[in-house]
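These are the structures in question, set out in turn.
Two complexes are shown next, each including chain A; its partner changes from chain B in the first to chain C in the second.
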Partner chain A sequence: MEFVAVQFLNGLASASSLFLVASGLSIIFGVTRIVNFAHGSFYMLGAYMAWTLATRLSAGPLGFWGAIIGAALAVGVLGAALEVTILRRIYRAPEMFQLLATFGVVLVVEDLALLIWGPADLLGPRAPGLRGAVDIFGQRFPEYELLLIAIGPLVLVLLWLLFYRTRWGTLVRAATEDREMAAALGVDQRRLFTAVFFLGSVLAGLGGALQLPRETINLNMGFATVVEAFVVVVVGGLGSVPGAYLAAFLIAELHAFGILVFPKITLVLIFLVMAVVLIVRPHGLLGRPFVGLPASVVSPAAVLRPSSPAARWVGAIGFVALLAAPFALGDYALTVATEIAILVLFAASLHFIMGPGGMVSFGHAAYFGLGAYAAALVASRLAAPMVAGLFVAPVVAGLAGAAFGWFSGRLSGVYLAMLTLAFAQICWSVAFQWAELTGGDNGILGVWPPAWAAPAAAYYYLAVALSLSAVLLLRRAIRAPFGYALRAGRDAPLRAEAIGIDVAATRRIAFAVAAGSAGLAGGLFAFFKGSVFPTYLSIPRSVDGLLMVLLGGVNSVSGPVIGAIVYTGLGEQLVRFTDYWRLAMGVAIIALVLAFPEGIAGFAARLADRRRGAPAEDAR
Partner chain B sequence: MSVLAVRDLAKSFGGVQALAGVSFEVAAGKMQAMIGPNGAGKTTCFNLLDGQLRLDAGRVYLAGTDITGLPTRRIWRLGVGRTFQIAGVFASMTVAENVQTVLLSHRRRLAAFWPRVADLYRDEALDLLAQVGMAEQAERSCGVLAYGDVKRVELAMALAHSPRLLLMDEPTAGMAPGERMALMSLVAGLARAREMAVLFTEHDMDAVFAHADRILVLDRGRLIADGSPAEVRTDARVRAVYLGSDAVAEAG
Partner chain C sequence: MLGRRQFIVRTAVASAFAAAAPYVARAQGGPIKIGEINSYTAIPAFTLPYRNGWRLAVDEVNATGGVLGRQIEVISRDDAGKPEDAVRLAGELVNNEKVALLAGTFLSNVGLAVSDFARQNKTFFLAAEPLSDAITWAQGNRYTFRLRPSTYMQAAMLAEEAAKLPARRWAVVAPNYEYGQSAVKWFKTLLTAARPDVQFVVEQYPSLGRIDAGATVQAIAAANPEAIYNVTFGADLTNFVRQGNTRGLFERRAVVSLLTGEPEYLDPLKDETPTGWIVTGYPWDQIDTPVHKRFAESYRAKFKDYPRLGSVVGYETFRAIAAAIGKAGGADAEKLVGATRGLKLDSVFGPIEFRAIDHQSTLGAFVGKTAVRDGRGVMVDWRYADGRNYLPPDGEVRKLRPQDT
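For the complex of A and B:
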């Protein structure tokens, strides 16, 4: 009994930390509609800055608390600066581009932190005056945790007062509920957005700074936190601060007790809760449907024109180059080319649902990884030939995609994206925690192709043949009736239903097809690398896919191909030439987003149109 | 037998009774107008008829078959075409492709992954577009059309599966007066030629009285008149509703 009480208190303390980060994320999303991946980086920066300040300032309470508050405010200023310098320029771009930009910031911050604070974990000072522990039901409980428990509700009350007792708060609420309405009422959006970013980032910074006496500070804490904060925000309801507390409480307690009852599946449990909440209450526990939140998160697309003669030439030359590559390239370059060929299929499969489907997936790696694991398991556990593995991979992933499509029902937009994230995390957790089957963190090794496909050139041709065929089929499907049905459902769902299209069913089929294609890519990747690891299903890989699609241009059929080549090629080069490839990559992403909000292929198409003197109307 | 028969339709949104006890019929080959002030419940009525909204009470019969509560896409397949007050077309497609997509859906070929849409039912689509005067713009993107043209495309789409009942919610909004008359004459001609029943809402009383065979008048969710244009024009309650605008009295 005593133990349960203490565990409950532990949960409450974690809930407070989680709430601080999540409430900031929720407020920012509510007002600006930006899914801010950089929020976790601000959390991390809060912790690092507090560490620096605390170790420089006096050791007393003033120094410690000064460091915490100072760090939170400094992070707030950084958040406001992010809004003013980058995000403000792209509010008119599709929402996914804002996400892309914030992801660029994540990469930049991660490497800057590495530059400034080094790779080693840092240990912060304990809080002066709160170093001891109190006796609770005969168990020792740290005083600092008690303080944390109090801070969560305190901040909740302060935020409530701010939102319901001040004029500024009223504006924020108005903007959260109905952006157009608020704009019509003459709210100065620019200042409001900057202020909201400041407030949200202060909360993230505070959340991070308060970890100083609790845990070591490291470069990974940002990403782990932002994912959990997303879960909290979605479960609580986007834009709802009390919802964020409720959800933080739920998730933290689930963690605290789940670890006792089902130590193996705590991670699964959390994402399962999120999935169930989204299915049962699509707007979260305390959330309300948004007014003016587009169902699709990508911009209205341009008309698909037949490929121009120039594009056909590029395609033909590219094809010849693909065939000739093994004669011209060395082994290393050929492995890079193989990897690119596989990732092109991964990107094209994601593009299939994002572009024509208008559905954003934050968890497309789930299907890539499922395909990889299916292939590897068939090969290693059943000792089946590679061909069987490559056959099973798309089937398993496709079935998983169909199942997901069935569960996701009528969700769309950000909510759908969040459910895809939850599903991917569930898959990742299973791969990570079900070690008997998957080898856990160690993965499955020795998944090599048979002798005939073992030489680099042979596997290259195999990968290119399968990937290219699948990509061409996907492209063909986009220009076929099915692609039109899918786009009809994206452009005008009500109109689509009013001409006999079952929009939900069309989307489900698209999801299954995309998942199957990603699964094939995963299977190819497994035999290519000779091993599979949980990272294949992880969020960073999903984000890789998103970046490729968005860089290439969502609205272009060739976009994913170009995006995958540029992204993988760039990454490969950067890793070779600099230790700070994340920094370079992040800066490149931000620059690309600012320069080409319609993606590389979209930009090229517009350029070509301008030269042809074609009407500018199609070149969106 | 009438193509559409509606019995005691009712719908409320929260506290607002948008429609109550509305019954009427639409006959084949006839143009039937539904008029009423803003917020009278016309669009709501259409949304109930084609299944976009769930009704609270009442029955809807299409050529004698009960279609109450069926999903929109089923009702469409049974032969109900529709244009929207706020026109909805597929902005990422050309004008022709919009109509082709409808034709593909009608022929149940939208699940195909292989054939190129560019080659499918193109002539048929161009024929339909020619009827509404949009053939020259067939290759333009629907996302950039003038609003009146979007309405025309929508009409071609609604006609594509040869519906027996056509619902048009303010079909001429955004058009010049001359264009309005032309469009309504076109629809009236088609209604007669195809034996198609047409139910339309319209704020332009000239268009209504020039083309309607019969007129329904809604006011705050209730049907206050149902009769020939002459009857409606002289109806005291209708005049009361439109008092001050004199629209009904002057029209025609």
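For the complex of A and C:
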């Protein structure tokens, strides 16, 4: 019994830590709708800055707490600076596009932190006066954890007072509820957004700084944290601060007691909780449906036009170049071209649901990875030929996509995106944990193509043939009646239903088709690399796909193709030329985002329009 | 064409980030090119000292005229911790840069991916740091060798010490991935064989890098074990130790702990280093063999920093490569495989040999106890555990490794 009570307190302490980061993210998302990947980086910076200040300032309580507060405020200023210098310029871009910019910031911060603080883990000082433990039910419990337990609810109360007892808080709530209406009533959005970013980043910085006496400060703490924080925000309900606390509490307690029964559950617990909550309550525990939030990520004005003659010429020349490549390129350049061809299919499959479907996926790697594992398992366990593996890959992934589409019927927007993430993480943890079947994190090795496909040029032709055919089929589907139905469901679901389109069924089919295409890409990738690992369905691969689509442009059918080529090519080049490739990549992404707020393909289309003298579209 | 453009970009980058520029030796005419891949951005705490180590080795080799009269040139790549990227870079190094052989890797799955590439492409590969037993056993192949002592070897060193303890009730805490699971599996097997009276009363498997230390410590304490076997490292270890210290988990309990004596993991603990833990590691400041002293002095002179275990691994990996090329009389893969089987080397830890039977080097580790001295963690009462004594009998090894290679 004593043990249960103390373990409950452990859960409360973890809940406070989770809540601090998540609350800031929730406030930022609630008002600005920005999926702020950089939130985890701010958390990390808060910890590093607090470490620097605490080791420089006096060792007393004043120095320690001064360091914590100072670090939190400094991170807040950085957050406001990010809003003013970068994000403000791209608010008019399609939704989710800002995610690209914040991801660029993540890369930059990671390398800068490495340059400033070095590679080694740092251990901060313990809190003065709170070094020891107190006796609770005969068990020693750290004093600092008790303080943390108190800080969580304290911050919750302060935020509540701020939101419900000040004018500024009222404005924030108004903007959270209905951004357009708040703007129409004369609320200065710019100042509000900057202030919200400041507050959210202060909370992230505080969350990081308060870990100083508890955890080591290291370069990996940011990315892991931002994913968990997002889960907490979504489980609690977007924009709901009390919901964030409730979710943090639920997850932390389930974790504290879960490890007693299933010590290996930590891998997947948080995503299981999210999946269950979202299926039962599509808007999170305390969330409400947003008013005035378009269901889609693209402005409804985007109309697909037939390709211009110029674009057709570019396509024809590109096709000839693809066929001729093996005669001009060396083996390595060909393998890069093969990889790009496969990733183009991956990006195009994600675009299929994101662009015409208006459904964002944070977990598209699940289908890529399922395809890869299916192909590898068929080849290695059943000793089946490669062709069989390449056949099974899209089938398995497509079935998984269909199953997922069935579960996700009621969801849209970020909730849907987060359910895709949960599904991908559950698949990932199965691949990771079920070592007897999948080899665990050591993966499946020896999945090489047979002799006829082994030469670089042969596999290149195979990959290009399959990938190109699949991309053209997807393109055909977008322009076929099915694509019109899909887009109608995206832009005006009620009207689409009224004219007899089964919107939900159309979306489910789109999901299955996209998943199957991603699975084919995964199968090609498995035989291309000769091995399959859980990283194939991990979050970074999903993020890669998202970045490719956004970089190329959601509104354009050629967007994902261009995005995949630019993103993969850039990464491949930078990683060979500098150790600080993340810094270079981050700066490049930010520059591209600022230069092409509609994606590269969207920009090219606009340029072509202007040259033809077509009337400029509504500049959204 | 490509070559020249690469060179120009490289020079530009080199002037921008002097310390970061890809390593290009000052070789004139026909250097032997070696491709190197590691997780520099994903695991910087271990791999950056490792890079210093191999740079020192390459400089030393080149300063004394290189190998077979040719200089060594290393082309280094960052795999970002992703096996699929490592495979692409391996292809780039072999096909584009025309390297003669591959070396490096830290993560087990990256090491395995590259070793499978090496098998498929008949390229020599010396795995520097990955610990997975699969590299030399279950997935072992003709072209892959490994320098660092494997999970089995390190677990065997600690099981030997654990068997001497009176403790019967054991707890286990290990990161939840292949390395953690293998380290537990071997420890349990070997300890139970030596001491049939022990039992394992609680096992905790936190996710790598995401330990919930308070809850984990409490869960272990609740089972009231007499001794604890710890496999966590890095940030998980530090958080575990902090919570464990405050909550008195380690009082009156023996702890044996894998890798904890390595400076990479011991140094961040500073004055909170728990005392009396039995660990494997590297007491860099106390080893006074002439070979090690010379290594440590040149390292400090060159990098203004003390060597970590990664530094030794990087240094010995490239010394081994140089020795293998010298013995083979060239960098041809088949000849290198023949030369590396049974290759003997005077390492900074003592004499080592790359075993012909499973391509594992007999590099060992230091086994000792932790203590705090002048506000930092050190190893005391240590001894060098020679790797050759901690490998299974040859008959067992033949069963563990596919024999057609």
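Criterion: the second predicted complex is superposed on the first by the 612 of 620 C-alpha atoms of A that agree within 3 Å, B and C clash if a C-alpha of one lies under 4 Å from a C-alpha of the other, contacts with A are read in each partner's own complex, and residues count from 1 in each chain.
Following the convention adopted for this analysis, a residue touches a chain if its C-beta (ideal position, glycine included) is under 8 Å from a C-beta of that chain, and two chains touch if they have at least 3 such contacts.
Treat the numbers as computed from the prediction; the structure is a model and nothing was measured.
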When the two structures are overlaid on chain A, which partner does A:480 contact: first (chain B), second (chain C), both, or neither?
first
Pick one for A:529: touches chain B only (first), chain C only (second), both, or neither.
second
May I ask you to name which of chain B and chain C touches more residues of chain A?
C
Once the shared chain is lined up, is A:491 touching chain B (first), chain C (second), both, or neither of them?
first
After lining up the shared chain so the two structures overlap, which partner does A:502 touch, if you call chain B first and chain C second: first, second, both or neither?
first
Name, in rising order, each residue of chain C that touches chain A in their complex.
6, 9-10, 13, 16-17, 20-22, 40-41, 44-45, 47-48, 77-78, 80, 82-85, 87-89, 91-92, 95-96, 108-109, 112-113, 116-117, 119-120, 132, 134, 139, 176-178, 181, 203-207, 209-210, 212-216, 218-219, 221-222, 234-235, 238-239, 242-243, 246-248, 264, 267-270, 272
Enumerate the contact residues on chain A facing chain B in the complex.
300-304, 306, 473, 476-477, 479-485, 487-488, 490-492, 494-502, 506, 509, 555, 617-618, 620
The answer for chain A against chain C in the complex is residues 3, 6-7, 10-11, 13-14, 110-111, 114, 119-123, 131-133, 139-142, 145, 214-216, 218-221, 224, 252, 255-256, 259-260, 263-264, 266-267, 330-333, 335-336, 339, 432-433, 435, 440-443, 445-446, 448, 456, 525, 529-531, 533, 535-536, 540, 572, 575-582
Taking the touch rule as given, give the residues of chain B at its contact with chain A in the complex, in rising order.
50, 52, 71-73, 76-77, 82, 84, 88-94, 97, 100-102, 104-106, 109-118, 120, 140-141, 143-144, 157, 160-161
